[in-house]
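Order of writing sets the labels: A, B, C and D. Residues in every chain begin at 1.
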Amino acid sequence: MSNLDALIQDLVIANRILAREEVVDAYGHVSVRHPNNPYRFLIARSLAPELVRPEDIVELDLDGQPVRDEDRHLYLERFIHAEIFAARPDVMAVVHAHAEDTLPFGIAQGTKLRPVIHSGSFIGIEVPVGDTNLLVTNMAQASDLAKCLGENSVALMRGHGFASAARSLIEVVRLSVYLPRNARALMRARQLGGEIKYLSQGEIEARNRGYSPYSVETWRT
Amino acid sequence: MSNLDALIQDLVIANRILAREEVVDAYGHVSVRHPNNPYRFLIARSLAPELVRPEDIVELDLDGQPVRDEDRHLYLERFIHAEIFAARPDVMAVVHAHAEDTLPFGIAQGTKLRPVIHSGSFIGIEVPVGDTNLLVTNMAQASDLAKCLGENSVALMRGHGFASAARSLIEVVRLSVYLPRNARALMRARQLGGEIKYLSQGEIEARNRGYSPYSVETWRT
Amino acid sequence: MSNLDALIQDLVIANRILAREEVVDAYGHVSVRHPNNPYRFLIARSLAPELVRPEDIVELDLDGQPVRDEDRHLYLERFIHAEIFAARPDVMAVVHAHAEDTLPFGIAQGTKLRPVIHSGSFIGIEVPVGDTNLLVTNMAQASDLAKCLGENSVALMRGHGFASAARSLIEVVRLSVYLPRNARALMRARQLGGEIKYLSQGEIEARNRGYSPYSVETWRT
Amino acid sequence: MSNLDALIQDLVIANRILAREEVVDAYGHVSVRHPNNPYRFLIARSLAPELVRPEDIVELDLDGQPVRDEDRHLYLERFIHAEIFAARPDVMAVVHAHAEDTLPFGIAQGTKLRPVIHSGSFIGIEVPVGDTNLLVTNMAQASDLAKCLGENSVALMRGHGFASAARSLIEVVRLSVYLPRNARALMRARQLGGEIKYLSQGEIEARNRGYSPYSVETWRT
């Protein structure tokens, strides 16, 4: 199996993991940068993530346009992926989803989404909130979102969902699975009251240094 | 397939979507105005929504009475549908349900149900709360509810559930699916504290203008 | 089918409904007074409720003792049922369960469990909380609980669960299914803040007068 | 079947119960002290708990090292188990898991995790919180955790999960199943407001005295 075929296979699996973990619904997507051409990326055509097969993966350029003739419907949200790959050469994989448990942090002004569980260290010291108050359906709006993401791993979009970016497919999947769990733990901790013990900058760095994306533990999950 | 047969088929599908999304339980219903006679509407006979088939659809007039001899049991809540179709000529489809996550907004006086997620824009600037403190089982009570709905898309009934109305079947289904999600997001945002950023009037209008009920994105869900 | 056989069949169904609705787990039970002898009642032997069949139903007297030789294990909680049937001649059916969503109202002193949804009218104006701080495993403790229930339909047992009583099997099932839903609606309403609109005494009475336990609507659920 | 084979069978069942009750996910584990050698314990190799079979159980010493040649991957968290068995000769079984509903109590400083439901009496008067802010992957860190546990039945690890210890496998399973339920009941009681009625020291002792780990009631669950 070629490098590309193997990556397409991984992308299909990533779609199914994210669907099973209920991170993505009909409007969520995962993409990966092309292994041989950094100016292209791979993403499923418009289709429920749990149904994606290798033949549903399409190759797009960094303007979000298909590089081959394509008569199947494509996600409007592909522009989000394109802009993030364009703005962040270090990023190899992107998820955009609407996970319900992250939404309150884009709506309430009282609590920032910050890591409180160890697996939440991947989200960084604090998740920025972008104010894209409409569906991101053109490159200009997607560009605003990419600016909001900046050098972070995740950005929330108020009333909409989140975009996450990482240096590998497995990391962006892991990040996207733990983001809602971290959000739930923080929401519930706020209900219990008193001071919240967030992970410190030192803890985040120590934890992320210790994390190997290809370790036995990561694959077991 | 005739226009009517196609609509009945859509109504059967609407019943199943609403059951699968847990918007309706044994006491929830969806109806659609007759395509050829605006003084009639179609609704399932008294039956769990996930079991509805085309032959379970009955045709009622705007007094809630069947237009053909009918010995099967009918929903008492059919009067709600009849009154809304009578009061609102622009409305082509109605849902009445008890979705648990909307109930707190009819009970607590401290927080109005307003849109906080983009898909919540369809509920309008604020959802009115009606005080029909008994089962709505006759036309007089149903008429009070229709008055509470007024020109809105949704009205809550305190301690009971909600009624939603839209210009097409797909829109009323979508509205009814996103209403509980919007309610959950707002409840959780309130737990996080601080100011709540609701969708503004401008955002609601821009979003609803941009929404096409027959777009690829809508059908994908 | 005799009167008794029919009632045993209903009791089996009641066990399965309560299990499917997650009102009872391995420690919850439903019982019904014997149709021909008011000093006896019927309850399943010690067994997961979703597995109960007619041959698992045993007949006990009002001391909680089997009226026939019995070598199968019996619930210790049968004394709760016995004491309620003894204390309340009007009661024909009893449920004792640990439904998680009712527990907080026995633990927090700040909010009484009162009806806020229409189907919650059956619980009465307010649910008393008993302080049986150990498993109720003998008649003396069960007697304390029956006193706490008094003339009410439901009593909470702090840190333990609830006991409910009604004039028919279908009513006690309905009451026990709606009790946790009412509890959830009230918990969430409290999160939203502001004054809570409980059902008034008048509303409770009007609603309960209007309720017919053998109506089409009740059976549909 | 030998004593050892029977215990291995029980350990397999314990893995499956904890997986089905969603106490453990891919990163949770249960172990039991060897019945014939108190300096050894049994635990599954690195594998999803719901898939564990008798041949997946390995025997480790109190340094966390396998006593036979082993080329299968082992849990890094085995050091936690080893240190607890070493520090606590009275402990026969250990669970380490990440149950989501316990996490908030390690993050929020406002509410200690204390028993509020009867089945929560096993957790003791108050659950200590350890501050192992990294994965516990070596004996030194695991030793800190064992110190935090002290003479308690459960310790929380901030942002990570919990470790529980008991004098038998069935007790540690029961404790680990009821810990998240107790956590949920307390979280919700805090939402309702007012004073919280925790189990008193007297109630905890009375309840734990009355509890027989091999009673009919325990096996029924």
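What we mean here is this: a residue touches a chain if its C-beta (ideal position, glycine included) is under 8 Å from a C-beta of that chain, and two chains touch if they have at least 3 such contacts.
All values derive from a computational prediction rather than experimental measurement.
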Query raised in the report: Looking at C-alpha means, what's the farthest chain from subunit A?
Result: C
Report summary line: Matching the CA atoms of subunit A with those of subunit B requires turning by an angle in degrees, to the nearest 5, of 90
**Report entry** Interface sides of subunit A and subunit D: same vs different residues, half threshold
**Finding:** different
**Report entry** Chain centre separation (subunit B, subunit C; CA means) in Å
**Finding:** 33
Requested in this report: Go ahead and note the Å separation of the Cα centroids belonging to subunit A and subunit C.
Outcome: 47
Query - Contacts with 2+ other chains: residues of subunit B - result: 190-191
Report summary line: A full list of chain pairs that touch reads A-B, A-D, B-C, C-D
Query raised in the report: Which residues of subunit A touch subunit B in the complex?
Result: 25-27, 46-48, 73, 76, 100-101, 103-111, 133-135, 158-160, 187, 190-191
Query raised in the report: What residues of subunit C sit close enough to touch subunit B in their complex?
Result: 115-118, 120, 181, 184-186, 188-197, 199-200, 203, 206-207, 210, 216-217, 220-221
